[in-house]
Amino acid sequence: MENNIKKIEIITDYAYLRMLTKLLDDNEVSGYTIIKDVMGKGTRGNKDGHGISGGFKNCYVMVCCSEEEAKKVSDIIKPLLTRSGGMAIISDAHWVVHS
Amino acid sequence: MESILYNFFAPPVPFFFLGIIAILAHSDLEIPEQISKFISLYLLMAIGFKGGVELHASGMNTQVALVLFFAILMAIVIPLYSFFILKRKLSPANAAALAASFGSVSAVTFITASNFFSTSIAKPGGEMVAAMALMESPAIIIGVWMYRKYKKVDMGTQSNRSHSDFKEIFKEAFLNGSVVVLLGSLVIGLISNEHGQEIMAPFIGAIFKGMLSFFLLDMGIVAGKRIKALREAGFFVIAFGILMPLVNATIGFLIAYLCNFSGPNMFMFMVLCASASYIAVPAAMRIAIPDANPGIYVPVALAITFPFNIIAGLPLYYYITELIHPEILIQAKDAVEAIVGH
Amino acid sequence: MESILYNFFAPPVPFFFLGIIAILAHSDLEIPEQISKFISLYLLMAIGFKGGVELHASGMNTQVALVLFFAILMAIVIPLYSFFILKRKLSPANAAALAASFGSVSAVTFITASNFFSTSIAKPGGEMVAAMALMESPAIIIGVWMYRKYKKVDMGTQSNRSHSDFKEIFKEAFLNGSVVVLLGSLVIGLISNEHGQEIMAPFIGAIFKGMLSFFLLDMGIVAGKRIKALREAGFFVIAFGILMPLVNATIGFLIAYLCNFSGPNMFMFMVLCASASYIAVPAAMRIAIPDANPGIYVPVALAITFPFNIIAGLPLYYYITELIHPEILIQAKDAVEAIVGH
Amino acid sequence: MESILYNFFAPPVPFFFLGIIAILAHSDLEIPEQISKFISLYLLMAIGFKGGVELHASGMNTQVALVLFFAILMAIVIPLYSFFILKRKLSPANAAALAASFGSVSAVTFITASNFFSTSIAKPGGEMVAAMALMESPAIIIGVWMYRKYKKVDMGTQSNRSHSDFKEIFKEAFLNGSVVVLLGSLVIGLISNEHGQEIMAPFIGAIFKGMLSFFLLDMGIVAGKRIKALREAGFFVIAFGILMPLVNATIGFLIAYLCNFSGPNMFMFMVLCASASYIAVPAAMRIAIPDANPGIYVPVALAITFPFNIIAGLPLYYYITELIHPEILIQAKDAVEAIVGH
Amino acid sequence: MENNIKKIEIITDYAYLRMLTKLLDDNEVSGYTIIKDVMGKGTRGNKDGHGISGGFKNCYVMVCCSEEEAKKVSDIIKPLLTRSGGMAIISDAHWVVHS
Amino acid sequence: MENNIKKIEIITDYAYLRMLTKLLDDNEVSGYTIIKDVMGKGTRGNKDGHGISGGFKNCYVMVCCSEEEAKKVSDIIKPLLTRSGGMAIISDAHWVVHS
């Protein structure tokens, strides 16, 4: 399995999803995947997912890319995540199929 | 007094308590999230459209202008004095977010209050819905402005993005989904002809109370969940959540009295001043003041002020309104008799 | 016989078949999950509230007491004898879960059965809804108790957590979301004044049948999907799913006859006894008896017993009721003529 | 002309514009996805059932047969000539997908058009709903057939799976969820007795316009989002999205005129011919012609042709119908006066 | 990329989500993320996601933590998963952002 | 942590989910997990998740299996993904619990 890539997974407040994707788009990140209904618990308390009162729901964004691109993505998301809370992790993977 | 209890042993209110009880008893009852959002949009659409139609009927007159003027004024003044009270015990971020909540309004409290007139001939005018729509956003701006002024930390990093941020905040304040639906439906109601009103009547009228019951069940569930977070908030904040509505309602009452608002309008104006936002404001605050703790400002508005208003506030404001405008009670009774038939 | 077909060529029932056909034809038709849950809660809220109002009107009397007493008794007895029958061929876990399903009730079968009276003057009393609410949970406890008694394996590991488990099981049995909404709405209907009843009428009345049609479409889709799992279940279990409702309805009939239940109550009591739960019980069983295979107990209740009751059971129970209480048919016809106009 | 504006300043149409405006103003307003799907199924169920009931009333006659025959013919012919026009500038895949969209129909355009008759005595017959149901699928088959014929690339890999694919495509075309619900409800309406019609009346009648308003709000939101994708599509495609409805409506008009369709049927037939599918066809195209770019065929149908029909098309087709059948206008006026009361 | 962590992913019956999060809370696991609408297939048959009839829906829970904490989490979830069915996997990752 | 496994993650157009799971079932893949409401952006444009107009929504499918099974899965999904678009990645993991 050639084609080593990095997988970045971001979990943050749902309210910030629009900003996060704008950031990725503006920086020409070629692809990402979003899951909108994500709950959880962290240092900022319980996100039990009740939509109407805002601030209790997360989103999940995954970016698969080369190691250099991963560095760029890490850099651009850090300030936003510092502001919005949440977390991001990176791990190794390989393409099976990619257009 | 009767007419108050009257509203208490009838849907939609008891469903709120059913929701709280279910959660406190550890039931797994939950309303799917998208359904909550749907019903919330439905309620805003219905109340907005209805208000627009009524506003169209009444037209622009002095009472309407006064109501709208004082509504905006209260939405600016309440968060200001709330902030200075709250700042004594809370961080600027939390104080600002909570102040913004109280300066804004709760559409569901407003709608539940409208129930008091559902069988009555005297009804609040469409201008009250317009007032509600106008009161949603200003408090958000005030809250953010206070926060910016009084927070001390990281001025360096902040200042260079404060400009772009303000655009964002205006967007959050005035283009929040619920504000847009409420205002948009108001305008559509305003321009709608009789045909349009007939068309919408069953959707916004007949099933409205049932949908509200369902939504209050959900509100009860969420309030039940948030109650636990109140320990975190502390006594000061809880006391604020109960006393502030009374203070705001009193000021609202004085304005309504001095400006000679009609009975139903007086009552509804008190309700608007007394209620606190737990939908539009928290959504904006997450972006505008991320340092503020939603574990504080949401539970106070949702699990303290909302139930307080529903249980004690509305009857009290109604009772006070009756003292000045006894006709609203009589009309309500007449209407009931007319409907029930004896 | 006419009045039976009458209900067959009219919504909501045909939508159930539309759902099954769509799935068997490999259509991609699906009802979003949150919508199913919403409509299911809506139906429970409506039927509960309606029942509460009717119970309030009738008050507590001997018939009501008898209905409630025998409802609970049947909810205890049915799972007991079902378990011993099923244990001959199934593991204790599967036998217990299936027995609990048949001891409990299907709200949708009950609601569909209520349709038989929608144009009729004779109507089942509110106590039938109360009976349904009371029949939801006991079978779960009985099922778990039987399972605990008769399973042989890992007694060691099990015994030390059996105490804490029982609290959990009671919670699942009595605090399941659907039980809470049904019972809660019943109580709200019971304490509601006339104002409240008027308020809810369009929501629980007018759109009810349409919502039920939609839900039956969804039930058809799910039943269609589960039919495939029936091969796994085997002939014994399928036969049980058809014969058991007949046995239970017969016992229900005898009780109703001996206790002199009214015609509509007799019919509804037979329906309650004959129906099997595919919502509340499976939810509880997943936790209480995780060894039981939901691929067996859900399809039997949902894809065998439910359609059997809808297609053959209800008409049969109605026909038998007519033999004893011919007035329900006559009244139904009169009512139809009164409405249709000739 | 009045009767046209009449429909414009009344829900549901203005909600479509509210949705577009909200998105263009960068509001975060969104309708939860499952709610969209629910309302879309609800609308299909209601229109299908209503059509079935009306078709039952009218029975099979020459007009009905002619309508159905020409509906199917148009659903075959439109995608053919559309494909050859589009192929001049687009790839076979995109041309075929877009041609299929225009050959099929938009249920929401149809439903919005029905509004023109809601207060009128003259109404389109149930056969128009049947026509719509029959027009959904054929264009998909034609589109795929054209695509297969005219694409040049990878014939090798393609040919060996083309057989199994065609089964798949028929499935997508005729067993698409929305086709099944529309056709199924039509049949249920057709076989329903009076009892069934009464039962469904409030659900499919009273709240229908409100649900449609909600759905149009959502359509506006989606159209607003898709507008951006139109740059990608280019001028040719945009022009096609505006001119094609006019061409198709003209042909529809000629058929209706020559076959002596009633006024309302003429209007609705033009609407069916002029509208383009953005639900069933794109769903099928994703599978059948994966090379086609949904970023082209969806925005054209949804953000060009749909609004064009709503804003300019419907009034125009109505106006033309009036020239031939002046009675539909008069009846509409009479009906309004009868309802409004003077 | 310093900050080696472990990522534990748990998929089990939705009915057990409340118990699972209670277990994590009681054992003071500092953070986790939940996805509620998860379907799948395994040894206990098809979970095709129809909510009303229970037992046909999964949930997904992800915990990012240090290696030691991961051992603890593994130990506490094993008995529950043995009872409820489902699976859990562990893999390597690194923090990009974490508060 | 023994029990080395591979985790394959597939993201593709929602319209293809039925075909994808049929493919997995037909090839006797023993288990997989599905998330239905997935959005994203890739070479085929924005999938912003609006259900009614088709083609703007993704699905996510995860398969955990042995290395050999992973090879088989890779092979069987490649033709479908080439047709439907989307991506698939593979990474290393270990069982914590598996029945």
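To keep things simple, chains are lettered A, B, C, D, E and F as they appear, and every chain counts its residues starting from 1.
As a convention for this text, contacts are C-beta pairs under 8 Å (C-beta built on N, C-alpha and C of every residue); 3 or more make two chains touch, one makes a residue touch a chain.
Predicted model only: the values in this text are computed from it and were never measured.
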Item checked: Steps needed, at fewest, to go from chain B to chain F via touching chains -> 2
Next item on the list: Give the label of the chain whose average Cα location is farthest from that of chain E.
Entry: D
Next item on the list: Go ahead and note the Å separation of the Cα centroids belonging to chain A and chain C.
Entry: 45
Next item on the list: Take the average of all CA coordinates in chain E, do the same for chain F, and state the distance between these two points in whole angstrom.
Entry: 19
Next item on the list: Round to the nearest whole Å and give the separation of the Cα centres of chain D and chain F.
Entry: 34
Checklist line | Cα-centroid distance, chain B relative to chain E, in whole angstrom | finding: 39
Item checked: Where chain F touches two or more other chains at once, by residue number -> 35, 37, 44, 49, 85, 91-92
Next item on the list: Send over the residues of chain D in touch with two or more other chains.
Entry: 28, 32-35, 37, 202, 206-207
Note to self: For this structure, enumerate the chain pairs that meet the touch criterion.
What the structure shows: A-B, A-E, A-F, B-C, B-D, C-D, C-E, D-F, E-F
Note to self: Touching residues of chain B toward chain D in the complex: what are they?
What the structure shows: 32-35, 37-38, 41-42, 45, 49, 171, 175-177, 180-181, 184-185, 188, 191-200, 202-204, 206-207
Checklist line | chain C partner contacts - residues on chain B that touch it in the complex | finding: 6-7, 9-12, 14-15, 18, 21-22, 25-35, 118-119, 202, 205-207, 209-211, 213-214, 217, 336, 339-340
Notebook entry, point to check: Mind pulling up the chain C residues that touch chain E in the complex?
Noted result: 33-34, 36-37, 40, 218, 222, 225, 229, 278-279, 282-287, 290, 293-295, 298, 302
Check: Which residues of chain A touch chain B in their complex?
Finding: 13, 15-16, 19, 37, 44-46, 48-57, 83-85
Notebook entry, point to check: Given the complex with chain A, which residues does chain F contribute to the contact?
Noted result: 8-11, 35, 37-44, 49, 58, 60, 74, 77-78, 81-82, 85-92
